[in-house]
């Protein structure tokens, strides 16, 4: 087994959840790395869409922003932003939406708006951007986040985007018929919503990660599936492709 | 009808204290040179709207030009938070900042509605999202055929739109290509429009028939400012200066450092500096 | 996901009796070869929608394929009326034809809403116009911010969209250029889509970044039919056969003449004839 | 004075009503001839828009249809049809909309839908096409029509598009704040709405046309303005440019 970092395991695990037929709405950071890793390994024909309007993009280096020139240069086509949100996202054409989170709860509801009170925030976070409609319009949602207690909280300060509802009441209560968060991929484990409670439940632990480690970094009482498997470690190829991609990216962004 | 004039003249004619202003460009073609001009001219009490306030509004907010911000994502993409915007929201420095917050879909639809001459935009959005609770400008309408409840937001109709584009011809017809964002909509939604361009060419006819072009009679002023999008970029001219976006995090980290940088590069700078800035990144 | 197959196969797979069908192309790129194929396969009880029914639906209506027509302008542009459509509406020949009539703005907005996944389109329209009285699918919504009453029509969401385009690549990505009409919206609004093209090329990448392209995963079947838009035209390939549009007025003037023409050119013809038809016009 | 036909006088008179700064939404037939005549004579920079999406077009021959290739080939740019109706027409960017009519009344309301009952029509006409929204969205409307009693009727069978209201009640009653029909240009005369009654009133008679001739071909009681002028006849240049344009067009459409 090659040596790897937890963040690399997270990216690799997320990339494996994607297939050649997926049409992904890709966010910056870990989602972008995972989607492009999938494209460069097992899913060469995956369609990647960034909200800047680039459709079917194949960047050689990861973009720093959602609209780096690299995305347009390598896209099949680039559309205006209103069209992106109307025809492509709201039109129901996206199979997987990828969201990151500053705070998330066990039902996959996400906060990226404020820490503290909305009107007198302790920390003013960036806000929702595309997330409120990504969360409801994509066929399903994958969430990636570093597993930390201050991120995996029991109660959100603000609901930026819908998961399975603040009380796990399900999405139908909000007039939403898409699946919502079906996977939460962290640097420690993979969680999936329990069929009954809709709460995230650990289904796979990354190599060397204990249940206690997960519990220590989770702000809610963690549930484990009946059979928890071990995530296969990154292969030599996955690691090489990911590290090459990140090295190219670092060199390109140094300016 | 578009006049080709120097940038300071266009800004002086169009942007007055208290105006509402959309300076658009989705990552690409952000009109930084024009924002510096607005700051240099000392405009105050502006209502500014932009999907992604980004460095361009971080600078204007930090310099005290802005009374109200309408936005949907206030980050330095891939880098972190916008420190001057945070300081204004969290600490009222240098002045209190009113915010009206939306999602990207809402803002994009609201510009589209503005361009289409409609009073509001209707879309499927905000379900289960809490912004509805804190923003009274998020309402709903009911589909008269299905009964489905859809979100509605007011159309965005700024007094002035300012964008950056690749080129104009001598009549003032403007070409935008690459990541085209919401600039066409912002210009068509506005009462007046300024476009900074990399260059003026003889003629845009004979290019591909379906390019994104703003006819000259939809634009008031065209200003030639090579490099005018830096540190953003202009497809076909110069790349995004990602290193500067990263550096900005430190520049904007404290008030004094920010003010010193603005004094040197903006208050004592001019549109003519941008060609050099952008050239650095090539 | 698009498969490149012969036209008869694509039509047989997608179009069944009773289906709703949008064959779009605003003057330009009208998919005549595909319509002939639908007629040859004897489809019945179709609901067909098109802003401008034009010769393509005059033929389908005259051959008895159509139960219901949704449209906004039923003329032979610059020539006169559509004689087969008139005969159906005025005399129920060859069968009664239900019509749902809109304005162009309503149809264009309704396709746009279909593409955008909305249940209805909202626009400023039909004021003082009498279609509201005779079409129950024209309703209204009230802007929750200004109180303005706006028109609403149901989104158009056909079972099948069929269009003609310049070219596809080997994956089935489709390029449309020139007068692009509402074809992109019709395809995105439909459950299934067939695109006839002039040719298949290796790759569409490397063309201008903002061209009108339908990604292969939005199209079910691509069929190579050179000349497939004739007597309409394909920008960059062959011009509109204006002389034929004028001749059609006489061909369709009486039932027997019409049936004889259809027998010779459609029932006993095939997609392979279109290259020759279009070539005539060059 | 050169010899000319009434239809030529109509086209010339319509073309003179247009200026260099106008943005015209152009219909096929007489409007298209008038707009292009204006462009080829006194208004070289006039902006012509056809509903097929072509903006700033300069055709060398008149199109037979609203979307002939010539329109796109010579346009500044060509946009999609939904954009044309949303941003350009509904957006209020058109100064002059040109409408033709199968039937019109003295208030400039137009019927191009049916003769007879809508559900059992004697003649099924083409329908409104762009007209219902052209009529309400353009800053003002010019109507051109051959002056005939069966066209200039007292009561319409159907109101396809709004003029000044079926009873001359004015457009505000329908929530419309644009000017509506300000000129009706026929092959006999020019009419403009009376400031009080809003009914079309003859303001200019074409050379050689009598008041009786107008009365004979009008289905309502014709009003004449206090001072009725004579329309200046077509100039040599206007006639030459128009006839050349029509000859080029005829040759091109013969196929």
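Letters A, B, C and D mark the chains in the order given here, with residues in each chain numbered from 1 onward.
Following the convention adopted for this analysis, a contact is a pair of C-beta atoms (placed from the backbone, for glycine too) under 8 Å apart; a residue touches a chain by one contact, two chains touch by 3 or more.
Small disclaimer: the values here were computed from a predicted structure and weren't measured.
Visitor: Can you list every chain that touches chain A and also touches chain D?
Guide: B, C
Visitor: Provide the C-alpha centroid distance between chain A and chain B, rounded to the nearest whole angstrom.
Guide: 28
Visitor: Which integer distance in Å separates the CA centroid of chain A from that of chain C?
Guide: Measuring from centre to centre gives 40 Å for this pair.
Visitor: Got the chain D residues that touch at least 2 other chains?
Guide: Correct list: 72, 78-79, 86, 90, 137.
Visitor: Which chain B residues touch at least two other chains?
Guide: Residues 112, 116-118, 123-124, 148, 178, 180, 184-185, 209-212, 235 of chain B touch two or more partner chains.
Visitor: Is the way these chains touch best called a line, a ring, a star, complete, or other?
Guide: Here the contact pattern is something else, fitting no line, ring, star or complete shape.
Visitor: State which pairs of chains touch, listing all of them.
Guide: The list of touching pairs comes to A-B, A-C, B-C, B-D, C-D.
Visitor: Note which residues of chain C are touching chain B in the complex, please.
Guide: Spelled out, the residues of chain C in touch with chain B are 116-120, 122-124, 137, 139-146, 148, 150, 152, 154, 177-178, 180, 208-212, 235.
Visitor: Applying the document's contact rule, which stretches of chain B touch chain A when the two form their complex?
Guide: Where chain B meets chain A, its residues are 26-28, 51-52, 71-75, 77-79, 81-82, 85-86, 89-90, 101, 103-105, 108-109, 111-112, 123-131, 134, 148-149, 178-182, 184-185, 212, 233, 235, 239-246, 281.
Visitor: For the complex, which residues does chain D have touching chain C?
Guide: 28-29, 51-54, 63-69, 71-72, 78-82, 84-86, 89-90, 109, 113, 118-119, 121-133, 135-137, 158-162, 165, 171, 174-176, 252-255
Visitor: If we count contacts the way the header does, which residues on chain D are in touch with chain B in the complex?
Guide: Its residues touching chain B are 21, 23, 47, 55-56, 72-79, 86-87, 90-93, 137.
Visitor: Going by the contact rule at the top, pick out the chain B residues touching chain D in the complex.
Guide: It is residues 1, 112, 115-118, 173, 184-185, 188, 204-205, 209-213, 215, 217-218 of chain B that touch chain D.
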